[in-house]
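Comments concern the structure below.
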Amino acid sequence: MTANTIGQNFRVTTFGESHGGAVGCIIDGCPAGILIDSAEIEKELKRRATGQSKITSQRKEVDKVEILSGAFEGRTLGTPLTLLVKNKDAKSSDYEYLKDKYRPSHADFTYNQKYGRRAWTGGGRASARETTARVMAGVIAKKILKNICDIEILTYVIQVGEERANIELDEITYEKIESNIIRCPEEESSRKMIKLIEEVKREGDSVGGVIECVIKNIPSGLGEPVFDKLSADLAHACMSIPATKGFEIGSGFEGAKMKGSEHNDSFCISRGNISTKTNYSGGIQGGISNGQNIILRIAFKPTSTILKTQETVNESGEEILLDNVRGRHDPCVVPRAVPIVESMILITLIDHHMRNVAQNNLF
Amino acid sequence: MTANTIGQNFRVTTFGESHGGAVGCIIDGCPAGILIDSAEIEKELKRRATGQSKITSQRKEVDKVEILSGAFEGRTLGTPLTLLVKNKDAKSSDYEYLKDKYRPSHADFTYNQKYGRRAWTGGGRASARETTARVMAGVIAKKILKNICDIEILTYVIQVGEERANIELDEITYEKIESNIIRCPEEESSRKMIKLIEEVKREGDSVGGVIECVIKNIPSGLGEPVFDKLSADLAHACMSIPATKGFEIGSGFEGAKMKGSEHNDSFCISRGNISTKTNYSGGIQGGISNGQNIILRIAFKPTSTILKTQETVNESGEEILLDNVRGRHDPCVVPRAVPIVESMILITLIDHHMRNVAQNNLF
Amino acid sequence: MTANTIGQNFRVTTFGESHGGAVGCIIDGCPAGILIDSAEIEKELKRRATGQSKITSQRKEVDKVEILSGAFEGRTLGTPLTLLVKNKDAKSSDYEYLKDKYRPSHADFTYNQKYGRRAWTGGGRASARETTARVMAGVIAKKILKNICDIEILTYVIQVGEERANIELDEITYEKIESNIIRCPEEESSRKMIKLIEEVKREGDSVGGVIECVIKNIPSGLGEPVFDKLSADLAHACMSIPATKGFEIGSGFEGAKMKGSEHNDSFCISRGNISTKTNYSGGIQGGISNGQNIILRIAFKPTSTILKTQETVNESGEEILLDNVRGRHDPCVVPRAVPIVESMILITLIDHHMRNVAQNNLF
Amino acid sequence: MTANTIGQNFRVTTFGESHGGAVGCIIDGCPAGILIDSAEIEKELKRRATGQSKITSQRKEVDKVEILSGAFEGRTLGTPLTLLVKNKDAKSSDYEYLKDKYRPSHADFTYNQKYGRRAWTGGGRASARETTARVMAGVIAKKILKNICDIEILTYVIQVGEERANIELDEITYEKIESNIIRCPEEESSRKMIKLIEEVKREGDSVGGVIECVIKNIPSGLGEPVFDKLSADLAHACMSIPATKGFEIGSGFEGAKMKGSEHNDSFCISRGNISTKTNYSGGIQGGISNGQNIILRIAFKPTSTILKTQETVNESGEEILLDNVRGRHDPCVVPRAVPIVESMILITLIDHHMRNVAQNNLF
């Protein structure tokens, strides 16, 4: 797995800086014959876009998808599928004042340490703008998976700051998730979360949160036994999203408190199939999917960009004060991160399905 | 990254089942000229071995390291370094009664679903026995890193069940960690943890725990910006360890509760160098190391093997009761998992260093 | 190495079909700080372009390079460098008559067998149009190599049909190669080759040829001992060029006729350095460069597109006659293939240099 | 593809030096359920072994295969399959006189340049001893392919020195190939070849040769369109064999002399299937197999080890004379190289089949 590529058989490479010409992805290994439609991809991009509600950055992104290669007469060819969205012309001068300053908890300093230079116009490659490319690839991954199994993926916000929702797994629907701007399927919590974000926004501050994802109807047998456990690769995929600080599968950190006699998922027969009575494993045992729901959670830190004055240093090594004069930022990343998390999971699942087929469906 | 291989430039492939001929690893990409010594590797293997204390499995492993290739006159050659330990002759008949039964929360069922067969003699490839190979590779990784930087890595248990230690980062030493059988550097907590494990063991039950790791004196610039963020690759490496359920870096899930103004790590000048006042980032920003301490935590579930009667099903799809008649198991995996976690981190770090050098140290 | 990517540390992925939106490449792993200039790349593309002389296809390509990502203020950033050239609007209707026919020795049939569909408008992904992307990547590879060593690469035509030039290695210069439209540094042969191609063109036929390449001033130590021998990777890179049928290094197939006492390259001391008296090895011994000139040759078949009536079958499995009504084709690919060969070699060399540095320049 | 690994889905890693503990291979990605039998592998190893006839090295190798992991109850498990043969105890002292000398056209010098050291006892990793591991992997590859298609692979010597056999493709059988010690299916030529090798041997010299391989009944659709063309990957695999200097597919270098109207393989209908009238393509078009016979040739240089006095230099940079006092060497490598070539081709084919299935057999 290379730096800007994820996957072994379904290989997604992203490219682009926030203020360069475009951001996009190449999918190498995409099966031929998949219907492809810019409008369908653009619809999903709107879930990730800025300006979608009062609690996201107010910058207006209108992402128009170009299919540059790999499709013909509306279907994929099997050759590299290149999808991109052009970046709007942004005035570099807006960022001029940041040119030589290291914003706290941003990647300015580490990029300079690694490469000796950086695109200082708005985050460059480290900008969340890059995740647009991931969402485009996620749409394709989902379309392929829909041809293979009856996969259902539900991704939602369960926590903002200290506000944690009480979620009943069986009652979540896509409609409930999308019914509010924070994407929390539990109504009362969603209201509290939105209120909290509005407060934080007023203060020019930001707040963190947690996203949970449940994947249903996934075949058993996905995942490789040792280093490429499905759980390990999902952790890798999710922790590659900007601003992530933690990953849990099934019981997660709570599981560390439990006893084996409580935590073990007893096998049973349910409607003629082997099932488990509980699902502390989160659908993965020994790194391989067991056919139960996959459940995972990802922690996001508060957005690094805030409108308060902060202490930092500049490239000359002087301690300075930094005033962020840009008026637009995301006070909390989680509502927009929902489709990104979903995409990373879908990309990981289709890749593992292909790997499984290559080894185990030969005869 | 392939199924049984981890790393891109420092590529560790492990092989072996718990009751096959041997378990071992091949390191491809290992620099030439590294001093190599079986005794040094065996010493580290003892930290992972069963039978090391009253709170681990009482099975006696005495692992003797064979260097099968890649070394000559006591130093590595640059060619694939193959290290292995033979498995002791185990009586397959001990496991005969498990042959067609799916142990709850073990990998028996998922391996059968994936491959249509499994080595039913004691866990096969899914056994923690495989991690012996990782520890051998970790010793080599550490030796190379010691030539590059003054790396210090401190890995220890911070939680067993509900018992959480209060750790002062600055006071931890390797000696304190190794001063007790649970490997917790805080004395009072260590006593409570050991007591808890002894209780659990008496009940024939098991309990989970959390390991924390601090890595000091790592150069900045390690990690790739997008999918192969150092944090993502550390998550992948750590979540590939058996029994893991969660991973956190820096502030982790607690960070989700915080505000940006609290969480942002202000840059400052300390003894002439750019440093940060706080370290909620856990030493990694934008996926790249910033030279501060890397701090991470990993949650382990309670061991799946318990001595209590459990409900399950067999290969014929019948619901049955399972009595584990083997008298030996690990009531808690964390003390033995410490060197495994350490090895996975060291392997990840040296690989990222090599990747960084390949791209950024050419001229 | 994935289907549309070559290289491990300097990873070039190409994308695009001949009549899709664009063809281009992403270079992942490109060092930061390399000066990048569209005009410089476009200059090299002219060596590959159609319409450059009376012996190439008369279709007029004017390739304008767009740098879509990975550069900032005229230098590379270390992030994925995306370069592309748009395809000119081509009328699909020109190819309509080929839609369901399998052109002999083209990839129409095999693409359909593999993917169940193909872009029938002019070759699609199998078109030599894709090699435009390789030449762009080759320019970048060369610039990086020039920073590392005093590399000189001389690539030229030594054979067209039965006409073989007698080349004195020491007398070849870039200027002599570029002094004629066939790119053969030996003047008399070049005239005969051009005459032969003109004859073949008049007949609506095509002819094959051989390209030779000499690379000077390459450091020793490049190449991996076993599967990734420098010679094996050069063979892979060169044989990935459309229309190639053979590859030789050093003595090549002639070497099979020789005795060891003739073929062995005796080491000697020349100007204080270890050198060899002869160079039948072609600069590579045991898969690793020895510092002598690397010499290789590649055989190209005659262009498959000819203007004569041919027997073939269509998608319905009927035997038919095919008349190629397009008046433009390359009667011989070798003059335009020179920069493509060069690019594949340069990409291979920089990748191996990076791999070598990653393992062997750590301390 | 890493240095000591070949393949993407069927990944073969070899390890071992000629005078280390063992040479062996790990196959990662091997399907489960394949019958595995040491005796079957050992039988194939005898075709590669020294001491098999008067025209090979007289050193007696008796290779006993150990299956170290990945098999259980006589069948593969799907986990890494580790196969090895121990090296016989060799007296290092036999090689002491070579310790600081660079043998002409051997890898002594290049290994030292790359790694700063080498195993000077008999070639180390550069020894053809490593190919034992390839042949073991080839046996497994063949067994899997036999489950997928009715593959027939015929590999034989067509040239030794200037002596070239006239082979009728349709008349070759495995029995004819194995009927003589040179492995040339044409009887008269085989006698001349053997005579030539005996002469060369008497002189203490060596001679080169050419191996041809025909693969029948391979499915169409194998091979990736761009860099991983089946032809390019076969070139890579074959040119990774020690002592190779050239590779041809189909018409090869002769194809460069031909016209398109001669060389194009007209499609036709034969017994209801799409076939071609000629096969200058060698079974591969646009990098993808077309279902016709794959035909390729590989040139081998004369063995570098000869018993004549040669000029060379030592590690101190002094010009010296080298007398090879060892009485045993292979006067010509081609008879023993036949199973090695076959193995590399089989490994490449099964890997490409898996890659094809992963992308194109999902629904």
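A, B, C and D label the chains in the order they appear, each numbered from 1.
Assume a residue touches a chain if its C-beta (ideal position, glycine included) is under 8 Å from a C-beta of that chain, and two chains touch if they have at least 3 such contacts.
On a predicted model such as this, the values are computed, not experimentally measured, just so you know.
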Key: B-D against A-B, pair bridged by the larger set of C-beta contacts   = A-B
Ask   = In whole angstrom, how far does the Cα centroid of chain A sit from the Cα centroid of chain D?
value = 46
Note = So, in whole Å, the Cα centroid of chain B is separated from that of chain D by 39
Request  = Averaging only over C-alpha atoms, locate the centres of chain A and chain B and give their separation in whole Å.
outcome  = 26
Task = Would you pick out the residues of chain C that each touch at least 2 other chains?
result = 2-5, 8, 14, 29, 32, 78-79, 114-116, 125, 225, 355, 360
Task = For this assembly, give the contact graph shape among line, ring, star, complete and other.
result = complete
Note = Counting only contacts in the complex, chain C reaches chain D at residues 1-6, 8, 14, 102, 104-107, 109-111, 113-116, 125-126, 130, 159, 161-162, 200, 205-210, 220-221, 223-229, 231-233, 235-240, 242, 244-253, 255-269, 274, 276-277, 280-282, 284-291, 299-306, 308, 310-313, 317-319, 355-356, 360
Task = Could you pull out which chain B residues touch chain C in their complex?
result = 8-9, 29-32, 78-79, 144, 147-148, 225, 353-355, 357-363
Inquiry  = Going by the contact rule set out above, which residues of chain B touch chain D in the complex?
reply    = 2-5, 11, 13-17, 20-24, 26, 28-29, 32-33, 66-72, 75, 77-80, 82, 84, 114-119, 121, 124-125
